[in-house]
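Read through the structure below, which is laid out as structure tokens, and then see the notes.
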Amino acid sequence: MTASQPFIEVRQARKCYGEIEVLKDISLTVDRGQIVAIIGPSGSGKSTLLRAINDLDPLTAGEVWLDGVRVNKTLPHRQYEKHINQMRQHIGMVFQHFNLFPHLTVRDNVTMAPKLLKGISDKEADRLAEEQLAHVGMLERIDYFPSQLSGGQKQRVAIARALAMKPKLMLFDEATSALDPELVEEVNLVMKKLAEEHMTMIIVTHEMDFAASVCDRVIFMDGGVVVEEGPPELVFRNPTQDRTRNFLRKHLEGAK
Amino acid sequence: MGLDFSVVPKFFDILLLGAFWTIAITVSSAILSFFGGIVFAVITLYAPWFIRLPFRAFEWLFMGTPLLLQLFLIYFGLVQIGIDLPAFVAGVIGLGLHFAVYNSELIQTAIIAVDRGQMEAARTLGLSRGQALRKVVIPQAVRDVIPPIGNNMIALLKDSALVSVIGVSELTLSAQRAIGRTYRPFEFYIVVAAFYYVINLGMEAVLRRIERRSQLSR
Amino acid sequence: MDTELMLKVYPFFLKAALVTVELSILTGILGLSCGALGAAARLSRFRFLRFLGAAYVSVFRGTPALIQLFILYFGGPQIGIQLDAFQAGVIGLGVNIGAYMTETMRGAIISVDKGQREAARTLGLSQFQTFRKVTLPQAMRLMIRPLGVNINALIKGTALVAAISVVELTYTAQRYIGSTYKPFEMFLIAGVLYMIIIYGTGRAVAWLDRRARIV
């Protein structure tokens, strides 16, 4: 592996569902500590791309690399399962619908995977849970069940759960889309905090303001291809492509 | 021949012992049927076809025939192939497997109904499929079916009377013994019915408590 | 597997299967009648009838069917009820399954949308007319499937009369297991016959259910 190799690289990614091609030959790189927003209309393939990075939706063709290791290696089934479980420990993911485990308390949601996969002791696990929950401002709810939390609180716990695995990279799949408007800000604040700590993040979002204020780079996708990418001030202020302009205009109208 | 309940108290200790065995066989079979139900559900949903298909046939046979017939098969069949089990053990196996098949049906449906996002979230954290099933999906599925499984367990209590025919000295057989000495079937069967009724009420109360306790974690 | 023996004895099983079918039909008719009466009592305007209905359900569902059967058959003569084993079987099992069917029917009736009742009443139908013309037809559709579950249990439950020596399938299987020492073969014959009856009935119920859903 050469030193110049990017932290994350997607090479010629293609994804087909039967006849329909949802990702058409996508390549992109992300540097360590970079924060990238992926925007685009629904059905543009942005979520599929995100979910291909940790192989939740396996690619039809193409490669995904993280820190010099190929994520979607070609291996016999059993070895591949082992490999991908290893890789996923380094890739945190936050879902639109939180997907907290309802049968576990907040504490156990955060510590279940580290205990099971890293074999840490109960004491260490408790410390880890307290540390991570304090980080997202949810320490006082440590012994609650998810059903007792608001949407914003659930999402903050979900972020803590992902962070407890000490990932190298965080993926956010429309993390605030399912929230009531007044609850969006608390989650955005946590994400901003992570950005300030230089966590590498890839964020699929509908919130242009948030993308503009937090991200280093914006990728606009449409119809399974990357139409335009660059720093937010360029993509948002001076898009070069008509499709980008149309999308942003429609989105702005929709927001009003 | 009129009714005369005055003979009953003399046999009260025998009946109490019978009640103890009825509770023992119900609890043992319930535990077997609960864990058996989980194992059967996992086999039905996830095992390779050469295990799944014969297993389906076994399930089909168990759901399509009476418990009493199955008890005869297990008790006499095992003797036939040289395994001479105590009647109690044969009864627990028969009742336990019978209800495991019913519990499995419930658990299967519940596993399928657990939100796909739960499996995804667990896999995203790096859990293997087996770990995700064990730690995330199955606990939720089981929690969701506590009420109907509870109903099965209450049915199990009443069906435990059937093991008297293979010679387990539980309540029903104890009553038959007392009747053999007194020729008072009506009195003893009524008293035994009351015993079952009380155990039944106790079980319902316990189940309601378990249900209430599992409310929060959903 | 001793197929020769199986071929020799299966006609006796066939005859026994007919007894099981006969028992199932009679028990089913009695059970449905008890269920309808029970449900009517449980939904009655009169507190006493509601209490009677609830007591019926609670007692007959709260104790084993086998004990109920024994009380009737062995204890009956003590209080002047003389029945042969077959009659005792039909009455004992029918009244027992009736308690379960009571709950099934009541459940279906109360789950018919309240708006339906209100709509009928605003049209000027009386309470009884509303029940007969609006609530009941919809409830009938809802109860076919759960009643099918009751009937499935009822057919398997007829095996209990083997304990009072009615010569039906399970009793026959038990006797032949005892005399031939071939439990698997005997189980297989009886099992196949039971499955034909049970899955056949299941099919019929599913067909009824589908038809009821179209209209």
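Residue numbering begins at 1 within each chain, and the chains themselves are lettered A, B and C in the order written.
Note that in this section contacts are C-beta pairs under 8 Å (C-beta built on N, C-alpha and C of every residue); 3 or more make two chains touch, one makes a residue touch a chain.
What you see is a predicted model; the values in this text were computed from it and never measured.
Once chain B is ignored, the contact network of the remaining chains breaks into A | C.
Taking the mean of all protein C-alpha atoms as the reference point, the chain centroid lying nearest to it belongs to B. The chain pair with the larger count of C-beta pairs in contact, out of B-C and A-B, is B-C. Centroid analysis (C-alpha atoms only) places A farthest from chain B. Each chain gets one centre point, the mean of its Cα atoms, and the points for chain A and chain C are 56 Å apart. Centre-to-centre separation between chain B and chain C, using Cα means, comes to 21 Å.
Taking each chain's centre as the mean of its C-alpha atoms, chain A lies 46 Å from chain B.
Considering their complex, residues 54, 56, 81-82, 85-89, 91-93, 95, 97, 99-104, 112-113, 116-117, 145, 147-148, 158, 161-162, 165 of chain A touch chain B.
On chain B, the positions that touch chain C within their shared complex are 1-3, 60-61, 64-69, 72-73, 76-77, 80, 158-162, 164-165, 172, 179, 184-187, 189-190, 192-193, 196-197, 200-201. Interface of chain C with chain B (complex): residues 59, 62-68, 70-71, 74-79, 156-160, 162-163, 169-170, 173-174, 177-178, 181-184, 187, 190-191, 194-195, 198-199.
Residues 115, 117-118, 120-129, 131, 135-136, 139-140, 143, 216-218 of chain B are the ones that touch chain A when the two sit in their complex.
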